[in-house]
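Chain naming follows the written order as A, B, C and D, and within any one chain the residues start at number 1.
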Amino acid sequence: MIIVMQSRAEDATVDAVRRRIEDLGLKAHVSRGEFRTIIGAIGDETLLKPEYFAGLAGVESVVPIMKPYKLASRDFHPQDSVLEVGPFRAGGDSISVIGGPCAVESEAQIRQTAHVVRDAGGAMLRGGAFKPRTSPYSFQGLGEDGLRMLHDVGAEVGLPVVTEVVDVRDVPLVERYADVFQIGARNMQNFRLLTEVGQAGKPVFLKRGPAATTEELLMSAEYILSEGNQRIMLCERGVRGFDKATRNLLDLAAVPVLQQASHLPVIVDPSHATGRRDLVVPMACAAVAAGAHGVMVEVHPNPEQALSDGPQQLVPEAFRQMMDELAPIAEAVGRHLHRGDAA
Amino acid sequence: MIIVMQSRAEDATVDAVRRRIEDLGLKAHVSRGEFRTIIGAIGDETLLKPEYFAGLAGVESVVPIMKPYKLASRDFHPQDSVLEVGPFRAGGDSISVIGGPCAVESEAQIRQTAHVVRDAGGAMLRGGAFKPRTSPYSFQGLGEDGLRMLHDVGAEVGLPVVTEVVDVRDVPLVERYADVFQIGARNMQNFRLLTEVGQAGKPVFLKRGPAATTEELLMSAEYILSEGNQRIMLCERGVRGFDKATRNLLDLAAVPVLQQASHLPVIVDPSHATGRRDLVVPMACAAVAAGAHGVMVEVHPNPEQALSDGPQQLVPEAFRQMMDELAPIAEAVGRHLHRGDAA
Amino acid sequence: MIIVMQSRAEDATVDAVRRRIEDLGLKAHVSRGEFRTIIGAIGDETLLKPEYFAGLAGVESVVPIMKPYKLASRDFHPQDSVLEVGPFRAGGDSISVIGGPCAVESEAQIRQTAHVVRDAGGAMLRGGAFKPRTSPYSFQGLGEDGLRMLHDVGAEVGLPVVTEVVDVRDVPLVERYADVFQIGARNMQNFRLLTEVGQAGKPVFLKRGPAATTEELLMSAEYILSEGNQRIMLCERGVRGFDKATRNLLDLAAVPVLQQASHLPVIVDPSHATGRRDLVVPMACAAVAAGAHGVMVEVHPNPEQALSDGPQQLVPEAFRQMMDELAPIAEAVGRHLHRGDAA
Amino acid sequence: MIIVMQSRAEDATVDAVRRRIEDLGLKAHVSRGEFRTIIGAIGDETLLKPEYFAGLAGVESVVPIMKPYKLASRDFHPQDSVLEVGPFRAGGDSISVIGGPCAVESEAQIRQTAHVVRDAGGAMLRGGAFKPRTSPYSFQGLGEDGLRMLHDVGAEVGLPVVTEVVDVRDVPLVERYADVFQIGARNMQNFRLLTEVGQAGKPVFLKRGPAATTEELLMSAEYILSEGNQRIMLCERGVRGFDKATRNLLDLAAVPVLQQASHLPVIVDPSHATGRRDLVVPMACAAVAAGAHGVMVEVHPNPEQALSDGPQQLVPEAFRQMMDELAPIAEAVGRHLHRGDAA
């Protein structure tokens, strides 16, 4: 960590910083330049917090050198982590597709969608039973009934299922029915929920918040990892942007940024990122070309009747076309698409 | 609600939209222009959701005319709501100041701060016992011990206390000790937590999320209001910005924007908004000049030793100076500062 | 255009709006709902400006229905425009690659780079002679000497050349040496410069500004088109974002958004978008998969010695690898890569 | 400047960085930590550019310690610069108000407005003759006729005048009629225009671009200062935000941020920042409370008839009320309002 002192900082303030570093059991290197004095703290930086110094008199700025996360970092775990759940495989050179409706609406709807997803090669089924909705007056999901339908249909078609958990009290319930917990973008920094799924026994699909940096996403993964759960996928789903042509602003460069910093698989959700059906396939293709370990897309047998997010859900035919386009792109960038319909 | 059809939309698609409007018991007005056909839905717009139409064939865009919130709106409640808790009074032409440390660290620390706040005229005491921290390795608060210290010291100095609740399971515990629940920015869309505090019996201090629009903040307030809890304050604390000179980007225009749309009091938190002690007083003054019903600022008897957010906490002397500046600004804009130390 | 009146708007204010619409020779449709009165203006919307109404008493909001651009829109010109300059071809299903250094630094440097670009299949050579630099103390380019080197080397290797013009007074000079004018992101709304290149006789490569919406980019293209110059390429190069992991935030969804709204070819610049060499190839691949009509990337024979933007310029070997990856991705999405080295 | 090497950087790459520092005549301090090696460059940092190092093998990041601007910085010029033009005085504890229409539309309109502004205490008159408009089909201003009207009316009422220059070729023309050059937000990084007004003999009113950091604004001021023109005012007018409730997002914390970093006066434009007449007065009050050296607001005798920006222009009565509110706020924060109507 580097502490930069204000110009004209007095010796006493420099000394105070030096003493605080040494109190933490680290070595301090003081470099006096013509215009600024800078102080380096050498040693295990996990003992340090910028806030230990930022409040001291005479300090202009504090520059961390080490990343603030550890278990999520590639320094700690150089090889790619690969997550396998049934036919689904993401990480390294393996990519897989997750498909399904925004929300489970009925047994017929989820069954029909599941067949579309499986038959086209999707390797995991999604569907919300607890929906976080901006308005209290919007459809909030079918709850446990929805979980049961999702689970049963997943078993029927041979696909693992992922669904969102929005309440710490629901973790045991959701774990009973789901193969993978989804933490939604609005809950990326619901730290109690992260801790609970970190202690549970199923993998976690962790979405980036709309105002979160890639580093903050990795810090949220660190909460889960530090509870002992190593099976995590990160998901880029767009950040808040100023151009209302799309719902969010998909940050595809986050894919290689996260992959370089971390060993965890990175999935892209082009449906929530864009909010427009006509943009989902191009962005799914772009995600795979950027190196993503998979995509999660919304599919609905009849989007015009959907109870939520109709405009962004693909019709079955579009989902099948997307699968056909993704496979050769994956090969072009040295990846291989795992398919749920494989013999 | 206005539905704009794509150019060259066929009659059948226009008819499908018209029928769906009428199925909802509303009237549809179809206007065929040279380049576009637009369809107006006339009647109680709370029966409508943009998503009922956005997924239909031939629809280019859907333009809501009514606000999506009701109980929070000034249409529904034209007069300002005024929130009173002991000496604290916010709303209408009344403004009050909330002060206290980022986190409760010890009984001595919170007592010392409470006297500073009360003696300078602050009308409510803040202090975190459960701290949501980006890193799992940072100080997470003293928990129930912190709540007890805050409560006891508040009673001692005669100030109500506000503290953050981060977990639905903690609502009864926090309600036992606190006069006002704080919902932090990261939990603005933790809808289960909003529902729980909506059902509890204490007022709610609701912070805007860093990627939330003012309308989304009002929708979150609507969750609380629709559970029957009318005692809410909204808090502007900065949104995510691109200039790293400040921690967040304080959106002071949100103050009159919210006040025009809603009857709820609006408070500003310049400490989290800026993250820099030297900016807190100018931004507190600006907030009151913009018409805010109060400010919440962090004060610490010794910020250099603080366990969190040291750089943004005011020293006692600065807090007192701020109080002296706020009073005449309040008068200049037709407001009156309520003081906790008044006889 | 739809004009939404404030709740409780009086008849006189509604009448004033109606009269203004009729004064413009259009028809007004007034719909009185329970909560709001809305007024539709039917007819040629290019006669209308939102500002004609937004300032009137009682008006709550104005909702344009038609796009504010015309010549750039697909309504006006349904087929893709295809831009050809020598071996370069972009538009429809044709894509091409532009490569070259950030700045022309010497004849040896630009010649060496030009051979790399041409031999690997690039179809246009780039290189800055006038560099817009944030700091007045940074290298500003070689000026006319740089233009001459670029022109001569382009002719030597058989590639057309593109270079930025930053000053209206330089348009004739740059036109003498360049095959394509580049308008940089900082000048996207330098309307005088747009007018000048609109009157000149060479194609224009127009970059999106870092705070510009896709609609504003199309409005800037409209300035050029309305002067009679139809030969324009649009370029997405990243907008300003809050995550400092990359220089800008590449908005790849803008590619299909622009293509759906406009007939003009869309090129992506992953070098300026990311500012990091290790992200350029993944983002170039993603751009082509998203449907871009080409990419512009920075290549330098020795980036470590570059006078500007060293960290984002590809080494020759990386450029060749990128070209090998782009071709099959282009085929996967139904496009064809035109190569400058083709026999 | 601090250069942080990648983990596992080899000795040879560390040596290459050290040699480059020494080649520039500076001293290099190498600190080898357990996880990272960091290298400090000690000496005159104006000799260094991050780009000299960022492209070198093994470099993870480069951290500048010194500010990249010099003449604009408070290090270089510790006292506040005070700009006086006739009755207008901004800087130190002096604040003044600039008022006038968005655009000069006719002699009657500008004369009527000028009297309103002067009589209410405004100290400078604004009015656009060359308007940068997003659409080529919008009113572009009256050109030289507008300049002449502005100049003559300013002389008549005894107020200096400020007007925007958008083209390098117009600098001599605008200088003939104006007392102060305005550089608009879209031209903040039109470096040729900055250079031209830097060489001219009149003060410059420099607006922050919608995607510019405060540091980039100071770098643009540095362009003007480095040409010898010391008479500059900086203007905060909002950055691009995601909440469409306001046109831009006014960053009032930029006022004290700029004042701490620089000696130049800082003015706020709440009209362009918000785009809504009802927000202009609260934001003008907030700006003065935040410590701004003045505000620029749009006033129009009849905004409903304005040819541009009608919705954000104050009516005369609102302007007078604003002046009455600003004076006591200025006093509350230790400032004094200079009035153009003073005897």
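By our rule, a contact is a pair of C-beta atoms (placed from the backbone, for glycine too) under 8 Å apart; a residue touches a chain by one contact, two chains touch by 3 or more.
Here the structure is a predicted model, which means the values were calculated and not measured.
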*How many steps does it take, at the fewest, to get from chain B to chain D if each step moves to a chain that touches the one before?*
1
*Count the touching C-beta pairs: is A-D or A-B ahead?*
A-B
*Averaged over CA atoms, how far is the centre of chain A from the centre of chain B? Could you give it in whole Å?*
27
*Using mean C-alpha positions as chain centres, tell me how far chain A is from chain C in Å, no decimals.*
31
*Whole-Å distance, chain A centre to chain D centre, using C-alpha means?*
39
*asked:* If I count partner chains per residue in chain B, which residues reach a count of at least 2?
replied: 211, 239-242, 244
*asked:* Could you list, by residue number, the parts of chain D that touch chain C in their complex?
replied: 46, 49, 51-52, 54-57, 68-69, 132-138, 166-169, 186-187, 189-192, 209-211, 216, 219, 222-223, 226, 239-240, 303-304, 306, 308-311, 313
_chain C to chain B touching residues, read off their complex_ = 2, 4, 7, 29, 31, 33-36, 38, 40, 42-45, 63, 65-66, 75, 240-242, 244
*Given the complex with chain C, which residues does chain A contribute to the contact?*
211, 213-215, 239, 241-246, 249-257, 260, 273-274, 278-279, 282-283, 285-291, 325, 328-329, 331-333
